[in-house]
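Dropping the structures in below, format is structure tokens.
In the two complexes that follow, subunit A is the common piece, with subunit B as its partner first and subunit C second.
Moving on to the complex of A and B:
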């Protein structure tokens, strides 16, 4: 799967201060997740939709993302309309579809998609390292920030290593099937990744020591809130609060 | 299994967030800077492993390996799993901001519990004892996670989710077996190749 697919772009949404992005996404998500009104949830999608349009993201790719992560809501649609007690609106053989169940499933689907779109529009349009840097300004403990930093830094390295090992297995005629041999082969692959990474982490530690690491990264580039950061941040917060108040 | 946004109710989300916060605090306190690169890089390995799909009959499942994570990292599995889930949320939109607490709790608590049990028996010189404890760690972590997800769904959506909750647990059974086997093979492999890692 492609990472940071939407992160490069020149729109104002991309250029928004990452601290503003994180705060807005969190407030909006909490407000939407906790409300129980279908109309309010439907209206809430306006904000992420507006941001997505402004960010000029590829519509097809965004829809593909949405389709993948809607697996869970689809799973709920298989149950909720049939099992929620309430007024029957339609009957197929032994199954009855209840109004309350449909309502609840629809509410969950809208909520979930609204929040996902918001995360996609704001967090998805930033590089991970930028977001991690922003976290350090938002009272996230230093150790956790460093953990994020190192983890994402090495995901790519380890993914390359995984592909190299996987290619080596394929060249030797490995074909995954449902048998113990396959699982053992994958286990040794994971085991090898773990061991190499463990040794790599020791080298990282040594390299950090050589450079006099004292538990702090010195950041040269600092964020500066511009006028449009305040404007977008303020209006999005106002929108979220309106959603919460107007019922 | 990630619970997606908008499904759970406020009390479930809050309890999940608070408990995860506590777990993270313990994990971070136990992790000094000497240990940080190791936790971070192992957490990247678990992230990459979660993109590996293994075949189960006609279908395929991605690896979770939270049991193995607990065996290798103990309490530190909490921050490691939190970081992995957050990155999955931001990069692929699986889970999200409000469910992060609950999802981390559902994955990390079984990891820590199973890790503790297994780390005790893993020192045994008898192969049979080791294999059983490793299998229990891998399979048990998935079972516990599945149960926690099911419990969350039932609390949030009421009795109408009973059948769905049962299905969630049933669907985890084949994954349990595979994760158990993989945990046995991986831990035995590490014991052979680099025992000081455990």
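Moving on to the complex of A and C:
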């Protein structure tokens, strides 16, 4: 999967200071997640929708991402309307649909879509490593930042290694079937990946030590807040607070 | 410059070096030959202090080195290029990766940026600063790895299989860079042509010992 497909772009949303993006997304998500008013939650979608339009992201691709999330909310729609106690609004045979359940399912669907859209509009429009940097500027603990950073850096390498091993298996006529031999082959593959990743991590640390690493990372670039960073950040936070207060 | 005396080393019960001796003088350009798995990479790791020998002395730049602290002093002065560039390049962008060493050595971000620009220019890699390291081609990765080592301004280089996976053009660039660097180095390689063109002295590892090698051992 292409992880940074929205990250390249030249809109002002792309160019926002990543620290502002992270703060807005966090505050907005918390506010929306705690909000229990259907109208307010529906209104909250205005902000991410506006940012998405400004970022000029491919509409189809955004919908595709949303479809993945809504695969999960679909399950809520299968169960919540039937199981939440409340006023019956419709009955199909022995099953009854409750108003309360529909309300809950709709609320959760709106909330999750609103938050995901916000993350796509702001976090999705930055390179992952810019965000990692921003995190370290925002006093996120170093260990967490490094963990996130190395995961992303080496996930590609491990993915390549997986493809190489998988291809090597195919080249020798391996066809996966539902039998113990297939399971064993796959467990060898996973085991081999684990061992290789472990060895690689040792070599990376060695290479880092050879270049004078003593446990501390230094940051080369420092961000500078521009006037529009303050403007966008301020107005987005104001919008979030408004959502929280206006009930 | 580098002197190993009576080095004994093994993995578990398998002894690789029983009594290894090696002496490298300042400015020497050495090619290290040896069959697969004979311990060439292990030797480099012992020199760099990544693996501790069971017994014997490691003397680098005129001082006996035993502890991690001793070795951390020499890490910038002896540059080590790893076999796999993906092990060496771990930062998101080229500029950060090349600046990693200089920053560790105590340069300020401004100084480090100048060092990066100078190093990249010397390798004809100007303009690579903001490229994403894992999206570089194999040859570019190798050259950038070399830049990360050269940026620390080393006095001596150790290169472990520098040409593996490189095309002729990149190999040619590597040869030129090494020749023009004015530095001494030791190269591990199975690439006979590359060795012939870059080094002035040949040694080989055999049965866990270092011995002189004949130039005609490069001919097949």
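Annotations for the structure displayed:
Here, the second predicted complex is superposed on the first by the 247 of 247 C-alpha atoms of A that agree within 3 Å, B and C clash if a C-alpha of one lies under 4 Å from a C-alpha of the other, contacts with A are read in each partner's own complex, and residues count from 1 in each chain.
One rule holds in what follows: contacts are C-beta pairs under 8 Å (C-beta built on N, C-alpha and C of every residue); 3 or more make two chains touch, one makes a residue touch a chain.
In this text, all values refer to a predicted model and were calculated from it rather than measured experimentally.
By the touch criterion stated above, A:123 is placed in contact with subunit B alone, subunit C being left untouched. Of the two partner chains, neither subunit B nor subunit C is touched by A:47.
When both complexes are overlaid on chain A, the residue A:34 reaches subunit B alone and has no touch with subunit C. In the superposed pair of complexes, A:13 makes contact with neither subunit B nor subunit C.
With both structures placed on the common chain, the touch criterion links A:210 to subunit C but leaves subunit B unconnected. When the two complexes are overlaid on their common chain A, residue A:150 makes contact with subunit B and with subunit C alike. Looking at the superposition, the partner that touches the larger set of subunit A residues, subunit B or subunit C, turns out to be B. By the touch criterion defined above, A:220 lies against subunit C but remains apart from subunit B after alignment on the C-alpha atoms of chain A.
Applying the stated contact rule after C-alpha superposition, one finds that A:188 touches subunit B and leaves subunit C untouched.
Once both structures are placed on chain A, subunit A residues 128, 149-150, 153-154, 157, 200, 204, 208, 213 are touched by subunit B and, in the other complex, by subunit C. Partner subunit C is touched in their complex by these residues of subunit A: 127-129, 132, 149-150, 153-154, 156-157, 200, 203-204, 206-214, 218-222.
Partner subunit A is touched in their complex by these residues of subunit C: 45, 48, 50, 72, 75-76, 79-80, 82, 84, 86-88, 90-93, 95-96, 99-101, 103-105, 109, 112-113, 132, 134, 148-149, 152. Residues 1-8, 10, 13, 24, 28, 31, 33-34, 36-45, 47-49, 51-52, 54-57, 63, 65, 68, 72, 79-80, 82-84, 86-87, 89-94, 96-99, 157-158, 160-164, 178, 181-182, 184-186, 189-190, 193-194, 197 of subunit B are the ones touching subunit A in the complex.
By the touch criterion given at the top, residues 1, 3-4, 25-26, 29-30, 32-34, 41, 65-66, 68-69, 72-73, 75-76, 78-80, 83-85, 101, 104, 107-112, 114-116, 119-120, 123-124, 128, 131, 141, 143-144, 146-155, 157-159, 162, 176-178, 180, 182-184, 186-195, 197-202, 204-205, 208, 213, 215 of subunit A touch subunit B in their complex.
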